[in-house]
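Pasting the structures here.
Here chain A shows up in two complexes: once beside chain B, once beside chain C.
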Partner chain A sequence: MSYPFPTIIGLLSLFIYIASVSLQGLPDHGMQLYLPIGWDPVVMTDELAAAIRTMTTRASALSIVNSFHIVLLLIPLLIAFNFALSFGNGQIRTLVSYPIGRGKLLLVKSGLVFILIATTVTVGAITGLIFYYPFSIDVVVLGQLLIPLWITVFLMTTSCMFIAVLSRSAPITAVGGIGLWVGIYIMIPGQSIPPFLAYSLYPILAAINFVAPESPGPSPFSYLWTTSMTDVLYGCGIALALGILFLYFSIMVFRRLEV
Partner chain B sequence: MNSFVISINDITKSFGNVKALDGLSLDMEPGILGLIGPNGAGKTTLLRVLLGLIRVDSGSAKIFGSNTSSGSKDFLGRIGVLHENPYFPPLMTPHQYLTDVGFLYPQRIRTDEMLEKVGLSEAADRKIRNLSAGMKRRLGLAQALIGRPELVLLDEPTSNLDIVGRDQVLRLIAEIHQEEQVSFLITSHILSEMEKACHQIAVIVKGKIVEKGSVDELVEKHTQCRFRVMSSDSFKLEKILKAEDCITDVVVDGSKSVIIEVVPDCVENLESRLEALASDAGIKFYGYENTGTLEDMFRRLIGHE
Partner chain C sequence: MEVRHLWKSLIVLGIVLAMISFSPSTIIAPSDHLTEGLSYGHLIQCPENPYIVADQRYNNSFSLYFMTPEEGFRLINGTPIENITLTYSLENITEYYGFINLHEPGQYFLFVTASNQSESVFSYIYIFRGIPQVRLLNTGLVTLLLGILIRYYPFSKLVQLYKRYGKGDCDD
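Our next item is the complex of A and B:
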């Protein structure tokens, strides 16, 4: 069943906005090319190539984390107004009267939100990077950042969907989702929560800290702990499992819901 | 073999302290069944139970032999539904919407054919938010019929429609029943329409079915002692008639007539009695007639319940 999401113009606006936001901080942190003292610029050396790689890696990380900050607000709001609101306006009642199956209905709704957000932040971040660093984006680094980002988006989507199914209220879903995910995120800089919990809930942070652990001068990641690839993989695994659990329980509750 | 389209056995459903359905039983044969009752009687709750949208506390409800609360959705592919306040995606066109809905069913009518049937061919490519209330109702009927259902549940299908729109919807229901042998279960407050459109009527009061039968059977059963008395002053006549032992119920029905119910023993001498009472009160008595509409039957039943 196709229901229109934001129009093409709205989507384009969103991409442009996220691409623009993803460029925040790039001049200060993503475009500093640090070369060793006494380096001979006439001769192409490995140090130059490494310096460019470091720059693009930090730029990629910065672009992704900027996009992620928008996602923290966007996912709860989208689920609140696309799904939770549909309980009150009769859309859910109409849809479950068709021979669709409630499980399938919820999967499709969740899937559409996930695909929309994941695509938007991915394309938005890459658009920003291409603008500054054409032909020099490291695909491996992007993969190391995007996959944890998608898993984080998946976990956020399914948890907000669970809140929506339980509450059937758009305001509660929006406030609950934002309060949960933004609230925990705010606690991370003060190190009030254990690192392992932070990486399990936000594997994207583990990935960013692994990919771009240091930078000279003020860094947007300075509050993060040192991580390894193992931390990233564990974080992704736990977040994925949690996301699947939320999805499962959402379907179970939705199946038994009186509409 | 069970020939009933719908088979409901002693269902109860409460919402907190409110008992919406109270031991309700109903069997529906193929045809057009009208479900009437006062506000809050349980009509919409019953429809929601039949669709599996809510679970009953006890009893069973079956459509085509499938239990509606079992979680199985087999029967949903064989029925169509028009809710009282249906949701339509405002930015889609009727053509797009019906095509999408049609794909959900194993068999479907062609979208263009369905649009023509309900008189929406010219508005097929207009956005749904720009359709009139009548057009939206017809679109609702179309989406209920596009999957070639064997049974259609209609909750107040003619509400918010003018008289022309209501006639169109009722005519469409009759045509489709005739051509496609589709059964309909219709809830409505407009009893005059139910009287014309339905083969059978079921009356629901306080969560129970209190009567069921053909329109003629029910009207004859409940209105044989009910008369309309025409006079020059119905309000004055009402006061006089209320004091009479023979008369069990008096309702003013306009400035010139009252509806009365008499005990069966008084029917024989009713005319002379009424003439005498009117004359004593200085009122002109114009005559009386036996009333036999579904509305009268409904009023009587509700009054007694």
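Our next item is the complex of A and C:
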């Protein structure tokens, strides 16, 4: 039930690389001041203060958003080929014969995936910020982005675990998990998903839209609805509740499984 | 998880960090159309030795001033440029290519203005991060060396010695 170091450091290197490359080309709209002769000091002071704030929010958002796109693929694959595969090759049979309860076993497996992904993405994003934008680190902004990120990772982990436990097959978990999470994500820009659903399934998108609304991200997706703090909180709450539900049902199914 | 496999991971991490430090990147690349009396301000965050390319289109001169954001606020509030503490200035240039030394990394306010306020200047400025980025490279090299050290240094002997003598239950 352990992850070898290469996976942890490999993922960490990947996310540090992604965060750094994202921050190397930070777009500068909103950080420029247009100063005609006789400019209004009050208005321009506000604009400069806003520019300083924009640098913080945009750098923090960009260091996270690309890593999130990788996480969309990574979590289903990780769960498929670490957990679902172990049903087929007898590992689960061995693990279940230990004197640990089945519920605890599943909790630990889910917890390990969650901690692995959440920690490596967080450390990668913060390391990228420290190297490229060390004077634009604001704990509040980072908190507003990282906590929804963790909640999104939690929801993705538990839902993929649920698919794994139901199907007991690595290919179905991989295809199902990716189909579900990437599939819904792709439908968001076309506005075929109501914003409320998008924010409940992907609280990180609500957070990014709230913290750095003009942040274009590297992808052609732009998040088309304005978001308030209430949206973010509702999204986080619902995602957290859904995640816990998935975990509960996964444990229930796992307990009744014949291995 | 075996601690003795840690060295492989540290070497990989060190190489990745060193690779990132060599990738070129632009901090800002504005083209400012400084029509009569118009100036531009840009907020950037750069290391202490950025590389600057400054050029313009119609053969008139312009000036580039680097200052901290606090001085930038003073400039915006009306303090004339002569009374501002500038971190670096390139005055009345038509073109400039080179590294500049700002002594400290940080946030800087870049003020671009025409030398002759009645002229129209079309300026192009490119600010690049110097390669390699020293802090990133150093972190990568330290991690790499740590990995090599762990691979070749007999830490197991140290661990055995500690277990034998470090428990504090023998008279040394």
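Structural remarks
Here, the second predicted complex is superposed on the first by the 201 of 259 C-alpha atoms of A that agree within 3 Å, B and C clash if a C-alpha of one lies under 4 Å from a C-alpha of the other, contacts with A are read in each partner's own complex, and residues count from 1 in each chain.
Assume a contact is a pair of C-beta atoms (placed from the backbone, for glycine too) under 8 Å apart; a residue touches a chain by one contact, two chains touch by 3 or more.
Since the structure is predicted, the reported quantities are computational estimates derived from the model, not experimental observations.
Judged by the touch definition given at the top, the superposed model places A:101 against chain B, while chain C stays out of reach. By the touch criterion defined above, A:169 reaches neither chain B nor chain C. When the shared chain is aligned, chain C comes close enough to touch A:51, but chain B does not.
Comparing chain B with chain C, more residues of chain A are touched by C. In the superposed pair of complexes, A:259 makes contact with chain B only, with no contact to chain C.
Once chain A of one complex is fitted onto chain A of the other, the partner contacts of A:91 are limited to chain B, with no touch recorded for chain C. Shared interface residues of chain A (contacting chain B in one complex, chain C in the other): 2-4. Looking at the complex, you find that chain A touches chain C at residues 2-6, 8-10, 12-13, 16-17, 20-21, 24-25, 28, 31-37, 39, 41, 44-45, 48, 51-52, 55, 131-136. Of all the residues in chain C, the ones that touch chain A in their complex are 1-2, 5-6, 8-10, 12-13, 16-17, 20, 23, 25-26, 28, 30, 37-45, 69, 72-73, 76-78, 105-107, 109, 111, 117, 129, 133, 135-136, 139. Taken in their complex, chain B has these residues touching chain A: 48, 51, 53-55, 71, 73, 76-77, 81, 83, 85-87, 89, 91-92, 96, 100-101, 104-105, 147. Considering their complex, residues 1-4, 86, 89-91, 93-94, 96-101, 255, 258-259 of chain A touch chain B.
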